[in-house]
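To keep things simple, chains are lettered A, B, C and D as they appear, and every chain counts its residues starting from 1.
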Amino acid sequence: MTGGPTTPAAIETRQLCKTFGAFVVTDTVDFRLEHGARHALIGPNGAGKTTFVNLVSGALAPTSGTISLNGADVTALSQAQRVKRGLIRTFQINQLFRKLTVLENVGLAVTERHGLAGNAWRPAGSNRAVLDEAFALLERVGLAADALRVIADLPYGRQRMTEIAVALGLNPKVLLLDEPAAGVPTGDVGLIIDLIEQLPADIAVMLIEHDMAIVFRVAKRITVLTEGRVLIEGTPADISQDPKVREVYLGERKPR
Amino acid sequence: MTSELSKTSPPASDATTTAAMDNFARAHRLSPLEALPWLAAVGAYFVFPDYLALGSQILATIIFALSVDLLIGYTGIVTLGHAALFGTGAYTAGLLAANGWGDPVSGLLIAALVSALVGFISGALILRTHGLTLLMQTLVVAALLYEVANKAGRYTGGGDGLQGMSVWPVFGQFRFDMLGKVAYIYCLAVLFVCWLAMRIVVHSAFGRSLMGIRENVARMHAIGTPVERRKLFAYTLSAGLAGISGALIAQTTSFVGLGVLSLERSGSILIMLIIGGVGQLYGAFIGVPLYMIAQDRFATIAPVYWYFWIGLFMVFLVLFARGGVLGILTRLTQRKRGAS
Amino acid sequence: MSDTPSIPQRSLALTNVNAGYGETVILNNLSLELQEGTTLAVLGRNGVGKTTLLSTCMGYTRLHNGTVSFLGQDIGAVAINRRSALGLALVPQEREIFKSLSVEENLVVGQRPGKWALQRVYDFFPSLHKRRRSRGDQLSGGEQQMLAVGRALLGNPTFLLLDEPLEGLAPVIVDQLLAGLQRLKTEENMTMMLVEQHAHLAMEFAERTIVLDRGAIVFDGPSAELAASPEKQAQLLGIGGSQGR
Amino acid sequence: MSEYLPALISIAFHGVTLAMVLYLISVGLSVTMGLMGFVNLAHGAFAMAGGYLASTLLSRFGLPFALAILLAVVVVMLVSIVLERLLYRRFYGGVELDQVLLTMGLIFISVGAATYIWGPLPQPMQIPPILQGGIEVLGRILPVYRVFLIVCGAVIVTLLWLALEKTRFGAQLRAAVDNLRMAETVGINTSRLFAFAFALGSGLAALGGALGAEVFAITPGYALEHLVYFLIVVAVGGLGSIRGPFFAALMVGIADTALKYYVPELGAFFIYLLTMAILLRYPRGLMGT
């Protein structure tokens, strides 16, 4: 450990590639997410951002390349095994149990984390410790008042917060947030930003987001992805000044 | 793990929240309504002494329906070949009894184990596929076993059925009688145990995670659920239950024919379950008796019409009464509640 | 039909539209009206609902609230293929060429009688004629885009919805395609709604521009007005401008 | 070598016959499953109906063979359009379980109705004298009717493929399989297209059922008894594919014939095993999209 020139990153991908047929969606991506990072991944539609999240989280298997978590190669591990090691993702489109309450949604995750979900003997609701933990988490993120409401009855902003709360219930060390504010009305975006800003500092956060206001408020580092490749990586100041980014990401061209 | 749990803040203080969470924690407690099927079953023993043979069949078939419900209703795996596991249990019990081991209880247990093993192996192979392909695979597994039983006539009797079963008294004490009293009580007792097991499973954290898989696989993967392993466990459990059901029917009728492995068997159990209602534990207790009693009445009067009417009824069911009888009852009670 | 200049008719109108996918609402209380023969550029950052706006016009989304009308007819509940018959056509972002059909089959599969016939499309995009026997999945990006436009034209629409038609194309192809679209505008009096990342090109092309943010219109006015104001562009579209917030 | 030749010819011949019938019956099922996302377990009932109708028209009404078959096919197509409009279309792309239940119900109705009208025994098909008897090929007497069946099947398969490649209907069907929403966007009335495709598939099944009555005997249990084979052809061939099921049918037809010839004691066991293996390796079938 001491001899290494660099400490292992929270997440590191090397030469990561993913192709669907002849179509290359992720093209030799080398990416480092440092411990405790607030790192945004931006890029135009179809740049392969969500695919990248799917590859890192294990929902998709890469065509080639490796993914390591804290220096350990996890490329061959299943999504469940990566979750056990603290690598958690959220979804761009809510994947909540709409008929269940907020508390139950988070409770499912907490139960799974404690390794209790395989227990076919003990009644699900009888584990008070799990429920209390889930409830405490909801209090922390400001969802306590909604704990017993069914997801389908919640305003969309609150649903998005629940999406993050479920991830927090899994004790993440690395958190991949896929457009946490997508579809949230302008008035409620602040809630999401507050929630992200209050995440414990030791969690490494990778954020995919289109809304630059959010990106510039939260991110300390930004990677720009286009057509599956890393175009540039740098601080927010670097990125906002880069002419290449302005051209590719904003479609700016000199008027002819 | 304990350190994780103790680290959390003290339980919710709010009184209403606490009460609601208590309710939630009690969701698995028994309700008085759940005594109904058992009262009915015991009552039927005394009221219809001439129909105990049919009664035993119904009780045993409820177990089969429960096993299918665990897959379709709770886990969301649609199977068209569950007769494979039912038939495996039936032939296991039958072969044991025909070859000198007629003890019913141990025969039942062995049948359950063999079926569970077949379920585990076939499940490990086919559960990797999804949707139509999985449906096909379940069908093909059943067809495969049917063909094995059909062609291994030397052991199974092939199309003529397994001959010469000799089933011993239950616990060496209670001989199966002509009226079917012992058979009925035996089936009822086994059903009770299976129901209890099933009830515990579906209310457990494991059962919850099965429902999670049914509702949203992507989410379950993302919270770290080993989805494939859970599905395989559910499949194996379900296979064991199906095996018990098949073995019960083999033991109480002293006969096993190729029909136990047929597509018709896989299809009809699906129908019985759906008539009752899927994924609610008690659908089996409603659908199976309704179907089998109607079949018994109709089929003796006009067997030709039986298929026609049951088919028509199914079409009606899927068009107008999704959720089966339980679904209709739920809707009625909700409407009443909404009106008041 | 008459040659005398007529009073411009209302072509497409959205009133207080809430629409999205499933339960998710992307467009928030959006209202928009377009006269026949006008062109509209739809700008905005990624993920603000530009594609959803086009999809709502075409009938892909779930309309939670509000009305969508076309040529005076409420089309909120009208099936996608009926909208096409009424004169709406979409060139989708991913082109969505039918890969197992030849170029020519792609063109004629949804053809309706009218002034746009196969030969006319070939005249318009000569390179399609050369590739007419090729299968849809054997085309270059530019050819796919021309095919997508040509396919839309053969439905003989009066209203063309274009979703990032210039994206990912080589500059020379961009020019060709823009020239084609320009002809549609001036010679055919086609009504067009153009979603583009290339803001300047879009504003140059269309006389009117709207900018979307979080599913709502935050700018609606002559393209020239927005094009002339770098500050406004930076505020509404740029990334530099939002840094200090 | 020469002593094996007659057996091989015989196997190839009877295998291809079986394949033709299987393909005619199953190809429509591939379309319903691939295009409409509908598990139509009752597809075999259309084949059965074709068989019953044709045989009745022949024996009771004394119609000429070709006319009887044609009429049977037309009637089945009309009935299938009614069923499609009334029942099937409500469940396109819907819950698998509902589709299974609905079509299981239809199978049961078909079993009951057929037993009531025609009784439980197999329905004989009167073959015109010109198609009776046998012809000698390489030292083997081959039944004329089966030669006719192969020729007939080949002609229809060719016509079907040509229609799919050369007509606007074919292009629309392929477009809808490729990308349903885009097909609607260019103005294709997919609802009507589905009805046509469904009727075509049912008509082909009726034709297969009627012509193939001596391969699959016309009995009330038809739809259920042969269901597994029809599904295997479709699943192995690839859902939504038109060509895939043809090769799958050839494979099943020839393998089934060969195995029953050489190892009758194993029956269909190997076919099922092979199907399982293929589906594990290629879950979307050999030519699935």
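Just so we're on the same page, a contact is a pair of C-beta atoms (placed from the backbone, for glycine too) under 8 Å apart; a residue touches a chain by one contact, two chains touch by 3 or more.
A quick note: this is a predicted structure, and the numbers were derived from the prediction, not measured.
Looking at subunit A and subunit C, not one chain touches each of them.
Chain centres here are means of the Cα atoms, and by that rule the chain farthest away from subunit C is B.
Distance from the subunit A centre to the subunit B centre is 41 Å, each centre being the mean of its Cα atoms. Here the spacing of subunit A and subunit D, counted between their Cα centres, is 49 Å. Computed from the mean C-alpha positions, the centre of subunit C lies at a distance of 44 Å from the centre of subunit D.
Inter-chain spacing, taken between the CA centroids of subunit B and subunit C, is 55 Å. Because contacts link each chain to exactly two others and close back on themselves, their graph is best described as a ring. Contact between chains, per the stated criterion, is found for A-B, A-C, B-D, C-D. Those residues of subunit B lying in contact with subunit A across their complex are 1, 4-5, 8-12, 14, 17, 20-21, 24-28, 200-201, 203-209, 212, 215-216, 218-219, 221-227, 229-230, 233, 237. Across the complex, subunit B meets subunit D through its residues 72, 78, 80, 125-126, 128-133, 135-137, 139-141, 143-144, 147-148, 150-151, 263-264, 267, 270-271, 274, 278, 304-315, 317-319, 322.
The touching residues of subunit C, counted against subunit D in their complex, run 58, 60, 79-81, 84-85, 89-90, 92, 96, 98-101, 105-106, 108-110, 112, 151-152, 155.
If you check the complex, the residues on subunit A that touch subunit B are 57, 59, 78-80, 82-84, 88-91, 95-97, 99, 103-104, 108-109, 111-133, 135-137, 139, 144, 147-148, 166-167, 169-171. Per the touch definition, subunit C reaches subunit A in the complex via residues 20-21, 23-26, 28, 45-48, 51, 93-94, 164, 167-168, 196-201, 204, 213-216, 237-240, 242-243, 245.
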